[in-house]
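Note sheet for the following structure.
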Amino acid sequence: MTPPSSTPLQGAVSIALGDFSVVRSQSLALSDHLSDADATVQSMEDASPVKWHLAHTTWFFETFVLAPNVPDYTLFDENYGYLFNSYYDAVGERHPRPARGMLARPPLEDVRAYRAHVDAAMERLLAGKVDKELAALIELGLHHEQQHQELLLTDVLHLFAQNPLRPAYAPAVPLEMKSQSSGAPRWISFEGGQISIGARGEGFAFDCEGPAHEVLVRPFDLASRAVTNREWIQFMDAGGYEDPQYWLSDGFALASERAWKAPLYWYAQDDAWWSLTLRGPQPVHLDAPVSHVSFYEADAYATWAGARLPTESEWEHAAADRVPEGNFASSDMLRPRPQVGEDGSLCGLFGDVWEWTASPFTSYPGFKPAAGAVGEYNGKFMSGQMVLRGGSCVTAGGHMRATYRNFFHPDKRWQFSGLRLAKDAS
Amino acid sequence: MTPPSSTPLQGAVSIALGDFSVVRSQSLALSDHLSDADATVQSMEDASPVKWHLAHTTWFFETFVLAPNVPDYTLFDENYGYLFNSYYDAVGERHPRPARGMLARPPLEDVRAYRAHVDAAMERLLAGKVDKELAALIELGLHHEQQHQELLLTDVLHLFAQNPLRPAYAPAVPLEMKSQSSGAPRWISFEGGQISIGARGEGFAFDCEGPAHEVLVRPFDLASRAVTNREWIQFMDAGGYEDPQYWLSDGFALASERAWKAPLYWYAQDDAWWSLTLRGPQPVHLDAPVSHVSFYEADAYATWAGARLPTESEWEHAAADRVPEGNFASSDMLRPRPQVGEDGSLCGLFGDVWEWTASPFTSYPGFKPAAGAVGEYNGKFMSGQMVLRGGSCVTAGGHMRATYRNFFHPDKRWQFSGLRLAKDAS
Amino acid sequence: MTPPSSTPLQGAVSIALGDFSVVRSQSLALSDHLSDADATVQSMEDASPVKWHLAHTTWFFETFVLAPNVPDYTLFDENYGYLFNSYYDAVGERHPRPARGMLARPPLEDVRAYRAHVDAAMERLLAGKVDKELAALIELGLHHEQQHQELLLTDVLHLFAQNPLRPAYAPAVPLEMKSQSSGAPRWISFEGGQISIGARGEGFAFDCEGPAHEVLVRPFDLASRAVTNREWIQFMDAGGYEDPQYWLSDGFALASERAWKAPLYWYAQDDAWWSLTLRGPQPVHLDAPVSHVSFYEADAYATWAGARLPTESEWEHAAADRVPEGNFASSDMLRPRPQVGEDGSLCGLFGDVWEWTASPFTSYPGFKPAAGAVGEYNGKFMSGQMVLRGGSCVTAGGHMRATYRNFFHPDKRWQFSGLRLAKDAS
Amino acid sequence: MTPPSSTPLQGAVSIALGDFSVVRSQSLALSDHLSDADATVQSMEDASPVKWHLAHTTWFFETFVLAPNVPDYTLFDENYGYLFNSYYDAVGERHPRPARGMLARPPLEDVRAYRAHVDAAMERLLAGKVDKELAALIELGLHHEQQHQELLLTDVLHLFAQNPLRPAYAPAVPLEMKSQSSGAPRWISFEGGQISIGARGEGFAFDCEGPAHEVLVRPFDLASRAVTNREWIQFMDAGGYEDPQYWLSDGFALASERAWKAPLYWYAQDDAWWSLTLRGPQPVHLDAPVSHVSFYEADAYATWAGARLPTESEWEHAAADRVPEGNFASSDMLRPRPQVGEDGSLCGLFGDVWEWTASPFTSYPGFKPAAGAVGEYNGKFMSGQMVLRGGSCVTAGGHMRATYRNFFHPDKRWQFSGLRLAKDAS
């Protein structure tokens, strides 16, 4: 088994053939040690099979780039348009999402052949001249693929966690236990004021990251690091899961109905907390950020702690001058790192856990979806979901930026999602 | 059958005995022509029986005002605390919401006796001196009761609409058909800028209406009136309900699953649209505002119309200098009035339909729930719901104000909910 | 409050006016102390509101007897045909069963007026000559009404059991505690052989009770009395509800899912078992037959006890020469009586609890449903239900006979259903 | 792809090593052209993955034969006991049935190694002396495995039928269209009387096939062949699926809810009916027996046709002197054959479709489950299911006999289930 490695896409306006190959081959690398069966099963409606991720990202290039732009392009298989469309109503009927796991066929090797077929056609296309609009579409396709790389990993973890055999996606590697970081986080103060948030058109951004616009932010403090497992256990031990006063009403009802008592994937063994991870069962690292908690849990924790979640504007303002630290090969880790942040700066903004914010996912002022099918990208999901910021240990390296808006429903737990506390300036 | 009349509470800081009596007797008036059976049935989980509304609003005064403040107060019935608590976790266990309709007992006459018992004790209390804090609590109780007066009416309409006999709550009165207002609405322009929204502490406001704070609003236009039934039928005839391009993804899934094809309560008869109303079956008035549409439908309509819903900040800014027009006895109407608005001003902001906004219901910056049980009032519902502004034809007259934030889940249709279009300034 | 009394219909081939009045007035007597609200609520899909029972039994006479046979008969209300049809597909559309509880209107007084209107027309009809076929139909209608009298009582009990106020249908009367009957039941032996079962056409019988036919029955023993509450508690204390070895697979799955730990309506208080009854909360009488258990529980108990349930042929054979003891006014009791049976005979076959048998409800050889709508009577329910024999403390006196086949799904518990053990002859 | 062949187990009292190998290798043959993914997916709760069938039948021998009887036997994998127990409560906890499809691991090759491990140990055991009791247990295991061979095929068909690619399990082979058999079936008369049914202990039988006992059967006629697709289409064209008068109440409710309009796997294409089969999409053969219909549909058809389903006693009586015609390699066909039966005899009793009977699956008089875990075999399923008789085109050849009682819930359609008409003798 070869643990996957991460080489991020360089944030390029025009697409180099090399960038294309890097991203596309990374998807294959993430799945090259999985079996056809591993790649076929759908563990829940929210998750998709690995095979489906590999095919759907390919379908994107075939449907939006090759078919309309390469005159002699031949579809690999006429059925794939139906099978591997995710949610684009404008391009026709599609296989129902909850039935993605029924597709024992096509086998994984056919999906790989599909990828090769499309990649070859794309390489021929990219070898010629590509106009700006098409280049933008291809770049969108690559970022779209990076999103699915993360989903592929979160979905594999969810699948393996259903299996009593507790299979590991990657070899177990011990995580060093640093105990020096077990103190409380510091509060970093921000003055607020009229600030600008949103993508300004430098480098790639998804449609929902713009338009850039001014907002008023009041003075606030942000914790120097994410909430850790150690702190989360204190919340559990204090009866946090059972006390409705800390919870949103919908959240407490759900937590009770589903009998949540700890983050997803945790289990108690021999008087200690363990967690199912991509590297198999592991003892919970007390100084690592808590992960696999829902918005409802994150919000309850914050209330219990006498704080609150930051708004997405606050988060972006705080992170605005932080550059994700190059190619830190997060997916080589596959789990959140212990938080240090000793020098008064913000620690772990990118590459450990996505951080739930207090902000529902809505459109920025002036937002207009793009015309055509790709316009269905983000706008139609602006209902009932909450924004997460930052990036996780399974986010592709070049896919993290201060303006990025990830979003999930408030009850979802299978992403690498944690939280960082905020509070009004005192 | 006596149609109920409306005499609103004078917006008072301190509570006069008269105000108390007015509000309390209005609840009785709303139900005095209903039978015990009418007042007992729960037509769906979202709705409550009339009897329950009458008892729960009484329980509020008994639990939060009388029991802690009147030394010799005797509970009317020890079981009522369990039966008529709505959602206050801090005051103990409660009867489950979906089972409110199981309470054939106590009979309506017992609930009326409960009201008399509590009102007598309250009158004795109010005859003496009441400190400021207690006065505020009593005022909260009265506004709480006015909320339930509206819910009582929307819930009765829902109940009667389930009945093939199509009973009417009040006598049918023809609604004049004015045809002069059938033209397009005008766009009223607003400059935007840094504005203040939220309650400033003058007059009563619910906790979630504050703190007042500054926001940035970009220049925008707001339609001079709400969307009418005539316009909604155009949307229907244009296939609006069947075309996913106009819809949020969750909304289209729901609309398909529930086979929505028209507003709630509408039905076709003899080539015309009719609607079940509190005054029985009525032909749909083409110039009246559309009502009983969900947020999802409102949002889809706005997209279809090339516009959008206003944010709650925009709405409040536009309405800020409008005073709801005194005691216009909205509940004497029990249905939205035809929209006129001929003179370039905004029409129908208050008293016809609640207007869905584009804003999820979240806390204003600096919001802190009150301490104790009454602090459970609004904050714990700040998840998954959308803000509506204005007020409807069944809202108690004195209960409408520019800062008021009503909120419901985006799929709810049984309130008198419509919409007004907005767009970015061109 | 007047406790209802029972005067059974004399088993007559032709219908006397007196018989008609007796049965019809008994239905009114059963409900005359209930309120409109009591009579309106539907506590679960299996149950119907009292008002619905009163109206549906009346609809039977209006639809099948008056409308086709009385030329100038005027329908009481044209809507009632839709509202009060139960399941007769041949006579048109009907109000959906789960929505019977939405009918706050018509009020109970209208339903009583409906009864009076139909009864008056029926009395005029009966004052003249009635042919044999019509007489049979009227007799069917009266037995149908007696079925609904029992359902009315079981449904009221279920409704009141949902209410934390624990209302009583009838006044509490202590039940004498006889301890002499606490010993084991005796086994009564039967030789078996080729026997005849089924109704022979003497006196009224429902279609499914015939044709009479021969069956082979092997020698068997039947317990002299029903299983008592004392014995049931032994089963509970022995862990019977938790041990799958005693249970049918479907039964154990259901019992686990629904967390069954005792018969329906039982609750523990002060170290004793209590039960909600038509006479309010009562201590469980140890020597009375256990009631409100499902077939699954009855079957598990029998397996645990090293016995089995009797087949319906065995039961009918054993009861064949027993005549229900006249008019013992069972409904004056409203609860199972302590079992005595000291003299070696079978005790409590009729009038305490319905006894689950091992027999699925299927057609007898040669069974043909009647032509027309009344042919929908029993045949279409011959799937998935189990036969019960005997009669309960809320069965109308004249409604019990050895050939009577009651039937319910194996998970139902809200009837007065218990069991009597059988075993193969040793 | 090698189409599987069928060599049935010789009906032996003692188990020869050869018999063991034949049955065990046949299971492998049925799956040797399936991929790991094909063998992993669970298409619905009723079905199990191929891999699970292969492992569970192996677990039977490991758990009940090897572990208790071979002192030095080493479990292949300690986790498999949990993973591959089906429903035996007596041997401990088990993986939940609906989650069988989550087991991407162990891979199919591990399951094959498990089979080899157990087979080797079994062969060592069988090479020595095996006492009568153990021999009976092994024989039970082989018949159990043959049951799962059929389920494996029905479950694969169901899985492939969910796939828009319409994969075939075996190569398509045209089925000859004989038109001479399109006439009505003849009625074969039987005198009835006191007859014996049930297994008499000659040759293997499952527990529920006994004890043999006498029953009374009235004179009846049985159709010379099963109902054909041609006849079923007449039922469909006559509106049979839409008319409640032919249906059991539960059946019509289900058929409406699930929108049944034709047998499972049928679809209309180019004005003809096609069906998804193990040999891929095929035109519906008009003279072949209808298959993949539920009991509810079969019963409705019989009522529509003015006939009824036979009881299981009638069926067994009619089939009693029929010997399934040797090793006719049914699974080489994988689909029902056109029905001929020209000479007045009963045709197609064995090897085409299972035939629904009118009999609920209950115990025969005197039935006692075996002691211990294997006693959980059939008795605990005697609730809510209907008996089918005969055997289908995917039943292992030696697995068919006149006394065999197959059983499924009345709404199940994914087995090869059809019907044969019966009627009372005129």
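When the chains are written out, they are named A, B, C and D in that same order, and each has its own residue count from 1.
By definition in this document, a residue touches a chain if its C-beta (ideal position, glycine included) is under 8 Å from a C-beta of that chain, and two chains touch if they have at least 3 such contacts.
No experiment lies behind these values; they were computed from the predicted model shown.
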Legend entry - Most distant chain from subunit B, judged by the mean position of its C-alpha atoms: D
Legend entry - Interchain centroid distance [CA atoms averaged], subunit A/subunit B, Å: 38
Legend entry - subunit B-subunit D separation of Cα centroids, rounded to whole Å: 59
Inset, instruction - Take the average of all CA coordinates in subunit B, do the same for subunit C, and state the distance between these two points in whole angstrom. - result: 47
Inset, instruction - Could you tell me which residues belong to subunit D and also touch two or more other chains? - result: none
Inset, instruction - Assign the assembly's chain-to-chain touch graph to one of these shapes: line, ring, star, complete, other. - result: ring
Inset, instruction - Report the complete set of touching chain pairs. - result: A-B, A-D, B-C, C-D
Inset, instruction - Note which residues of subunit D are touching subunit A in the complex, please. - result: 35-41, 43, 79, 82-83, 95, 99, 101-108, 159-160, 162-165, 167
Inset, instruction - Show which residues of subunit C lie in contact with subunit D when the two form their complex. - result: 87, 89-90, 194, 213-216, 218, 244-245, 247-251, 296, 299, 358-360, 362-363, 365-366, 380-384, 410, 424
